[in-house]
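Scrolling down, you'll hit the structures one after another.
Look for chain A in each of the two complexes below; its partner is chain B in the first and chain C in the second.
Presenting the complex of A and B:
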């Protein structure tokens, strides 16, 4: 039995002062071993919430629904203490917003060491050796010096690589990388791509890559999930989804890329009042019918294990 | 991949940052100190009432001859122009020579040295109680946000915030001394005598400190580094102690430092109500009898306390906040 991550009817609801907000709904997918799965979608679509729900690192007002199997362990049934054993050790995180990810009053070396000693007390020396090796590999020329600094003394690009070092400390089985290229310029994006490439080649191939950067997802992943307003609208191999998008939203998303002429996805179309219960893409969909307005589409299976949530493929 | 693609480390060095920062702080304190000495001095000379008259005619029934008056005035140095008086006073004060009380003829410096330990004990007690109960309650409120421990403590701290110290003092005397007879009223008989004064000087500060800690911890709990620390597999308690608290304490240090400086300057109300012979009591007596050398010495003392505390707070700040240590700009 491998250690794949399989989620079923997985979802997250936030209980806010204005009532419940469903951020992620009805997600069914398998993150297969040996594969990088790209989780793409525009900002606010629920990518981070989905990733953090696997690690159960959501704010106190969040409720997780459905199942998340890690190998044959049901993560949602674990106690907090058991979950702590999984985090960092089995499934690690390269968080979004690298600059805010490290504690500003603690030296970097201490924060890296701690990632290992939390799980293996007394392994301080090993931890130091480990982060020095990782830092050298990820392009820090003076690991000893950097480890004595604070995060605010590093550039954005350095912080991004530093949190990659942090995620790798315990040789995790899985890595979740959240928006690793967000807010970076072209040179730094290339650097991050190289770092991730290096990780998939030398550390772990099992990765969930959360990104709004379709080009990055294409270069690194084997499988793609397209998220829109908390639902997976399409999933399949990179070649299928990105080169032959099936869902009208995915087609719009691919068409809006710079190399495809940057045709924007339409804003909400005229005469389509806000609905609840129909397809989440109804408001902006150029091919929507009356049915899309009233009925919620289920995922339809196509060739190659591809799944599309659209009535066009029933 | 090549290392050359990455930005080299900036050539910063930590000790330089500290020296520069402290140097700047000390420079700004010089005019403050000078200004305060002038105010202290003028407060004495400008106060209503004639010290010569006060000395020679304590009960207001004597007739003072002009000759007598002149002799005393000359002895007090009051014939010099005000700036000269100030410079003489400052020079003496700098050598620790604070003069004598008009009335008791006792040496002011000796008096202050005798009274200081009482005030310091009270201040330390107040600070200790504020740290333990204020920060403690604040942490509990933040951790149990909107649940019952938070709600109860929020109500309690609001009450603490809004009742005046003297009122608490009177209430405590009524309950613990008059009714239950657990504690001595006033005067000093061992540590028990400090309980009620300690509570008097710290009640409202504990309330403020708890509120401040709650807000500060909640702010920090929402920050990304907390999630990242949890993603390492660290348990919530350890994250709170190791990661959140050091950040949350930064704004609280200033508050506690200023509070401590405040009570060191004499927690007058508590000292008077409970008859503790501290600095505050000394100052009140001096003000009542227009013993203006003592008033001047007192104001000077509180100014010194302020300056020393400012430097101390800065040093503590340096210890807890690496951004300043590195010479980084902070808001």
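Presenting the complex of A and C:
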């Protein structure tokens, strides 16, 4: 039934007043069916841009390069109207910022059922039924009461679950969860984790999880992509990447987790001037060589389908 | 004092934070009274507003004619009752039309931005630069006086107020995350604009609608006074003041009565518009504060 998402030589450039800014470069990967793929990286690494670029939800000044195949469909070649058919129906988004992602002047029930009636205008009754089902599944004991309320009358946790319902309304094949735990406290983070786990168990296993929360990515995903400054530095299975990190950046990232002693990755090292053309991690890399400064590393394949963008593994 | 205390307690306990101000209630009652009298003028008026009676011309207020009669013996009270009908209707229609036009243009400019916005903004700057009354006089002069030209003049001079506000609001709203969320669900531009951004605009549109309708009333009265709007013998407050010019030294009521009506009507609308703005601002603060 499902289709995989295959991304080739994919890139996103923003054309700003100060010249082009490349946010994502040279991404080659396959989001396989039946798998949760975690996109991890620090803020500004381009992980959200990559996710949004698959849905082509980028500001007007963004240009997408390369190809993004959804099954046999080349998404980058579709018109805006055709993309609207994909969004929500085939690939749905759980946006960041749950409270702001709901319209403050419309009642919850209307907004959530609309997610379905956008694509099937006649199915109002069915949408209401689906709303009831999903809301009770995600822990709302009286969905009909919530349906008359507005988003700002409900708590952050409730809003978080509601936008999950929003994404699920159309039974999408793929789900993109954008920073689902951003700015949440520990209790809400656990709730989000439970919601996402529920989705992967009962609705769709095809998910792209964009997060800076390595613990969440470890719990939910089977595959991990590590992004840094717009490039995938390492990709592979969760066990490979998170337990035996290969790239110096991934090693630093894992080492910086609280349970591993919170060792910071470190500022740009002294004596290394800003470079263009070399490895993006050169400035901060403890194992960098002269070659890293001049030459841009390619992805080297390792065992188990793992790929690392580092000269150490050539 | 007691009363004030009570209202303050109500504010604290009342979920909706409705603050009832005596002045606002008065204004509302006055407005409703004027509207009802205008609406039911045919039933309430003691005389036909067009009926001449030269034997009783220029009579001061008396039992038969509570506000006296004008230069050709028409009953002033009856004419006052009828006098708001046309101008109110005209002001409402003109404001409604400018609102519709302004909203459509403002939404397009704000949502699509870019060159479309540039062109629309340039055009609206031109329209905003034109002094309202001068424009209205020019249009009435070109097209001849009458209802159509007045309607046109009012719309041309007031749509910019709506489109500017709507454009700004839409520009702000389209950055909201819920718009991105909607796009993620596959919603098209029209759906987002009309069903989701639109409802967010109602508050601010209502506020200017209310203020604009008051100023449109005044414009209609001014144009009619100048002889460019409603024409005699139509019973209209502006026309009545204009007619009264030659006789108001003898019978001041001829000018005072319609003048007071114009003042009361626009005052009550303005007070209510202010109340509406305060009320909607409060709501906005509560939402943002949470």
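We adopt the following convention: the second predicted complex is superposed on the first by the 312 of 314 C-alpha atoms of A that agree within 3 Å, B and C clash if a C-alpha of one lies under 4 Å from a C-alpha of the other, contacts with A are read in each partner's own complex, and residues count from 1 in each chain.
As a working rule, contacts are C-beta pairs under 8 Å (C-beta built on N, C-alpha and C of every residue); 3 or more make two chains touch, one makes a residue touch a chain.
Computed from a predicted structure; not experimentally measured.
Superposition of the two structures on chain A leads chain B and chain C into a clash. When the shared chain is aligned, no partner comes close enough to touch A:297: not chain B, not chain C. In the superposition on chain A, contact of A:46 is made with neither chain B nor chain C. In the superposition on chain A, contact is made by A:146 with chain B only, not with chain C. For chain A, the partner with contacts to more residues, out of chain B and chain C, is B. By the touch criterion defined above, A:230 lies against neither chain B nor chain C after alignment on the C-alpha atoms of chain A.
Touch criterion met: A:57 reaches chain B and chain C at once.
In the superposition on chain A, A:93 contacts both chain B and chain C. Of the two partner chains placed around the shared chain by superposition, chain B and chain C are both touched by A:105. Annotation: chain A residues 55, 57, 81, 84-89, 92-93, 95-97, 100-106, 114-115, 118-119, 152, 163, 166, 169 touch chain B in one complex and chain C in the other. Residues of chain A that touch chain B in their complex: 52, 55, 57, 80-81, 84-89, 92-93, 95-97, 100-107, 111, 114-115, 118-119, 138-142, 145-146, 149-150, 152-153, 155, 157-158, 161, 163, 166, 169, 187, 191, 194-195, 198. The residues of chain B lying in touch with chain A in their complex are 1-3, 5-10, 12, 223-225, 227-236, 238, 242-243, 246-247, 250, 320-323, 326, 328.
Considering their complex, residues 113-114, 176-178, 180-181, 183-188, 191, 195-196, 199-200, 202, 287, 290 of chain C touch chain A.
By the touch criterion given at the top, residues 55, 57, 60, 81, 84-89, 92-93, 95-97, 100-106, 114-115, 118-119, 152, 163, 166-167, 169-170, 176 of chain A touch chain C in their complex.
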